[in-house]
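There are two complexes below, and they share subunit A, which is joined by subunit B in the first and by subunit C in the second.
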Partner chain A sequence: MKKNKTMMFCFLAPAVTLFLVIFLYPIVRTVMMSFFKIDGVTDSISLWHFTGIDNYLKLLQTSLFRTSMWNLFRIWFVGGLIVMGLALLFAVILTSGIRFKSTFRAIIYLPNVVSAVALATMWLQSVYSPQFGHITTFFKAIGWEAAANIQWLDAEHKFWALMFAYCFGMVGYHMLIFASGIERISGDYFEAATLDGANKIQQFTNITLPLLKGIIRTNITMWSVSCVGFFVWSQLFSSVTADNQTIVPMVYMYAQMFGAGNTVTERNAGLSAAIGVLLSICVVIIFTVANKALNDDDIEF
Partner chain B sequence: MAKEKEKAIKDKINWKKELKLAPGYLILLIWVLLTVLLLGWVVMASLSTTKDIFAGNVNKFSFPSGLHFENFSKAWLGQGVATFFVNSLVYSVCSCTLLILVCAPAAYVLSRFPFKGSKLIETSFVSAMGVPVIMIVLPLFVLISQMGVLNNILANRVALVVLYVGINVPYTTIFLLTFFGNISRAFEEAAAIDGCSPMKTFWQIMFPMAQPGIITVTIFNFINIWNEYFLSLILANSDKVKPVAVGLYGMINSMKYTGNWAGMFAAVVIVFLPTFILYIFLSEKIIAGVTGGGVKG
Partner chain C sequence: MKKKLLSILLGTAIVAASLTGCGSKDEPATTPAASGQPEASAPAENNGEGGKTIVYWSMWEASEPQAKAIQEAVDAYEAASGNTVDLQFKGRTGIREGLQPALDAGTTIDLFDEDIDRVNKTWGNYLLDLEDLVAANNYEETAISGLIGACREVADGTLKSIPYQPNVFAFFYNQDIFAKAGVESVPTTWAELLDACQKIKDAGFIPITCDDAYITSMFGYHLGRLIGEEGVTRVVTEGAWAEEPAVLEMAKAYEDLAAKGFFSPTIASNVWPAAQNTELALGTAAMYLNGSWLPNEVKEMAGEDFKWGCFSYPAVDGGATGTETANYGAQVLAINKNTQVAEEAFEIIKYITKGEFDQKLSEYSVGIPADTSNTEWPALLSNVKPVMDSLTTRWSWAVNSEANVDITPVIKENFLKLCGGQMSAQEFVDAMEKASN
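After this line comes the complex of A and B, so read on.
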């Protein structure tokens, strides 16, 4: 038994140590930092000035930060509806018994393994390009000049261009999760429903959707987590200084902390920490609400 | 004869079914074509010239001046892609190996020997998977810069690898945990009767048996680490230590000004090629991994 204990210790120690150093300690320190005014990020704790919730108030009064939160919310909500809708649609089609299922599935998931920097560059420099872009070329080919002349990357369209490009890559991942959930539902239910005369749509709304509650919850959680980490796309779609159209909290934080330009109002690492805490609170709220609203404990299958 | 008839009937039924599914096929086909066209266009553009790209020749699938493979060699040698590429390769391989050495034993203990606190460790790891990077990046930056790591190339590389490993510990452990849980206990019992020590049992019996899970999670870690951006952006100080994703960002910015579009697309292709090739060969494994035990709400 004693031998077992040494083994357990040796086996667990590295993983737990890494967790403590890379997750727990930074989380505690970030929460602490958010209540202090800290001139230089590397300052020792003795140089911090306690300011209570000043950092949070200051952030909420900064219009650029509010814009960044609004942008993130729109990406999460509108983008989420688009991604979940398409993902669920594709998942239903994939599991309906079509041929070439694995080929379709593999290609739809493909963008998820490609570097986001490469993907964003592809959209920016080729799809949305006003000179040789696919959209412009397409509209020119069908002779719709007005649509061909739209500048997809000007202030008016940039946000939606960004969001669509991001959603395009995310559909595959959520589709896979939906599809695995649908495949787990026993075929007996559908057979019984067919015998009782329910059509495909009735079967979908009355059998598939209710049984997918847990899967929907997983998808919402994963989507929220990836949205909060929204950074690369925004940085690539923005010009050098912060861009009202595409700024998100993480980009704001990065510029505030490490960059220059119009986001730097004051050197205060506490502000950056407060952004992190605010975003984490958002994740926790979404997670709790999703858990409550989509509780599938009463369903067994 | 009878067999053929049976087959014919089967085909007929299938055709009816396929017809019903036609709208589904159409929707998926459009999406798949879009994906292939978008990525394919980048590959074609990388083999073309800037002049041809702007003339719209690539859109017509034509290459008036032939294929320009030299775009790749130029980007590889001239633009520093080689350095970034090798960096990323070293980081990914080292991190993936370390991750398995760290997480497989931990997952094994957590799944086999429940003790006071093992549930706490498990829950902590699951929650850590939802922690945004922005929540942990500042103290990590402080920690690393205070150690004076950022001015030393080797130390900077080591710090990056340690970070990549640490960030992926919760996911890897939780993924392997469910995997070890599914392996029968009979093997360990037999080994114990033969007098094999628990540690030896793990490395010689359980570790090899967990190989399918270890391979899947390693592919995921490789792709994640290869594509990692934010931490590297903040913590990779010089061009010598930058991984591909961050390096590519810098290159794209400079190539926009020099106007070398073909070269830029070549760089993009070089960056996404490794994960793409991995995916072509292992897509079934990767897809099974996404939908397997690894994903937890």
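After this line comes the complex of A and C, so read on.
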């Protein structure tokens, strides 16, 4: 087959150019920025001050940044277990031939179409409010005063209140991905297993789960990416200034980039870039580990 | 052949249509006379040369009352001058994140507004010195001298911004609760505040409430009363929590308030705007340390009959500052130093900050007028005027207690615990000392 190099160049050039300009340049620039002290994110390079790996060292030494990373890890790990567990459970139930499947699927997915601002406001004012919250009202109604007096948004409980609210909204999204993966599996396998005497749990552990490896890997990657970008919920649960329970790296990054709260504070876009680089490395590590651990190359169905 | 002819005709038609579409939108397709319609009269007040465009980025959302007043001022300016104003309401986040990158990228922005400190400190390098324009327009004659002075102070002695929508941060209270509790005069000392709190509590109300967003102001104000803003800055930036005895003294004062039950029982878990919208606006709590924007924010919930009172944070024994010192400030308007339309931009500033539209801004947003000849304040703020008039020294936001990004969340957490009675004064100091090392 004769190759027309000019045509190949013409067709590839726009895509390659766009990739270089839109993806590669910002990545390279961000990595470069992370080694400099920069006041404003758009300052010209002549205003950058080279600091080597100081930004990274400073981050590691800053207790607040470590707290933010710990909070993020807990959201990713504990929240991930809850979200993935519930999403998989709902997906299995919905694909098992129950009635009103579409209705249940729509109900579980519904929080995803509501804005995060509205959802967070609902949780703060309707669910967790110590005066009018449903939780307080419920415990009062059943006469459990000790539980009714718990302040779900104080320092002791705020992180868990935030995480639970966030997870509530994320289950539907991951459930859809799991459900699409389960529906891909031919019914013949389950029929054959049923004939061989396997019960539902055996079918799930020996057929569904192994054949969902690729989907689980996709879900873990998507969950990790969304966790790393965790920002709006944190801002809504601690308005104006961050607090220890809700701070995550993106909030710390924002404070360093644009200043924190209402006070004019020192800015360092280089430090923000270093946070971005660290978070990217985290995602790459998770993606690599998930790829190795959940390799489904040997599975064909 | 037919196909070729058709292609040429279609091609010509597309080019012609494109060129028509590219025509200047300023030129009407038909003149009013030609279309048989009556000729629109020119603006009666149009006495300027006109033809210039001024780009104005504002911090407000288009739906906010401040935006409505600014839009009206700009409309009036356009009608009078014949110039065009490209007014863009960016919102707080939009302008905070987008202004500097846009200026760096060479975007034409002649005029913009934001908070006094951010404009002068963060964006100070982009500002035009306004001293000559101010002098030429005799602007200061009817401007609030304290605020003009504050603008000069934050810009290292020269005037680079013009204040509007002034505000003051003080205790706002429910006059009805004070009356029911028998509190006849506003507290001016700490002892008087304690006395008022006791009476209010005895009358069955919550004396003081606060939301998490403003809790650092309570911390900053009390410490500021004891050691001034410089002292507060030193404590939070240098971590002198244990070395500075005033920190423990401040913490003990708040431990005492908590122990006596003078705070809302939910103060440790009030996420803004829970306390201001429910406890204060609905009449269960009496006092809230907040800005003069508070009555506007809660007016729908508080109702028209809510009687607002205001007093400066009380003086403390042996303190470095008294009730004459508080955080007051304003949003400010500033002109890009690279603008080609400085005089026109300043004229817009005058439209917004003087006379009719300053009054409208005050009226729509229940705010303080910036023009001293606008002596009529909104009824909801009538009791704020004596406080504003009594202030002689300006503090920064939260008395600069949020100056250290790495420590502000720790102050917030521990001070909320202190107010909620979950931590003692000494534990507060120890926790802060530990977090700073």
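Methods note: the second predicted complex is superposed on the first by the 270 of 301 C-alpha atoms of A that agree within 3 Å, B and C clash if a C-alpha of one lies under 4 Å from a C-alpha of the other, contacts with A are read in each partner's own complex, and residues count from 1 in each chain.
Here is the rule we use: a contact is a pair of C-beta atoms (placed from the backbone, for glycine too) under 8 Å apart; a residue touches a chain by one contact, two chains touch by 3 or more.
Keep in mind that this is a model prediction, so the values were computed, not measured.
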| item | value |
| --- | --- |
| Combined model on subunit A: subunit C and subunit B, fit or clash | clash |
| Touched partner set for A:281, first subunit B, second subunit C, both or neither | neither |
| Which superposed partner A:209 touches (first subunit B, second subunit C, both, neither) | neither |
| Contacts of A:293 with subunit B and subunit C, given as first, second, both or neither | neither |
| Subunit B versus subunit C as contact partner of A:247, first or second or both or neither | second |
| Partner chain(s) touched by A:81 [first = subunit B, second = subunit C, both, neither] | neither |
| Which superposed partner A:154 touches (first subunit B, second subunit C, both, neither) | second |
| First (subunit B), second (subunit C), both or neither touched by A:47 | neither |
| First (subunit B), second (subunit C), both or neither touched by A:116 | first |
| First (subunit B), second (subunit C), both or neither touched by A:258 | both |
| Subunit B versus subunit C, judged by how many residues of subunit A each one touches | B |
| Subunit B and subunit C contact sites that coincide on subunit A, given as residue numbers | 41-42, 125, 131-132, 258 |
| For the subunit A and subunit B complex, residues of the former touching the latter | 3-4, 7-8, 10-12, 14-16, 18-19, 21-27, 29-30, 33, 41-42, 89-90, 93-94, 96-99, 102, 104-111, 113-118, 121-122, 125-127, 131-132, 134, 137, 171, 173, 176-177, 179-180, 214, 217-218, 221-222, 225, 228-229, 231-232, 235-236, 249-250, 253-254, 257-258, 269, 272-273, 275-277, 279-280, 283, 287, 290-291 |
| Residues of subunit C that touch subunit A when the two form their complex | 96-97, 100-101, 104-105, 115, 117-118, 121-122, 211-213, 216, 265-266, 268-272, 274, 278-279, 396-398, 400, 402-410, 412-413, 416-417, 420, 422, 435 |
| Sites on subunit B touched by subunit A in the complex | 17-18, 21, 24-25, 27-28, 31-32, 35-39, 41-42, 45, 53-54, 56, 58-59, 101-103, 105-106, 108-110, 113, 115, 121, 124-125, 128-143, 145-146, 162-163, 165-167, 169-170, 173, 197-199, 202, 223, 226-227, 229-230, 233-234, 244-245, 248-249, 252, 261, 264-265, 268, 271-272, 275-276, 278-279, 283-284, 286-287, 290-291, 295-297 |
| Parts of subunit A lying in touch with subunit C, wherever the complex brings them together | 40-44, 62-65, 67, 124-125, 129-132, 151-155, 157-158, 237-245, 247, 255-256, 258-267 |
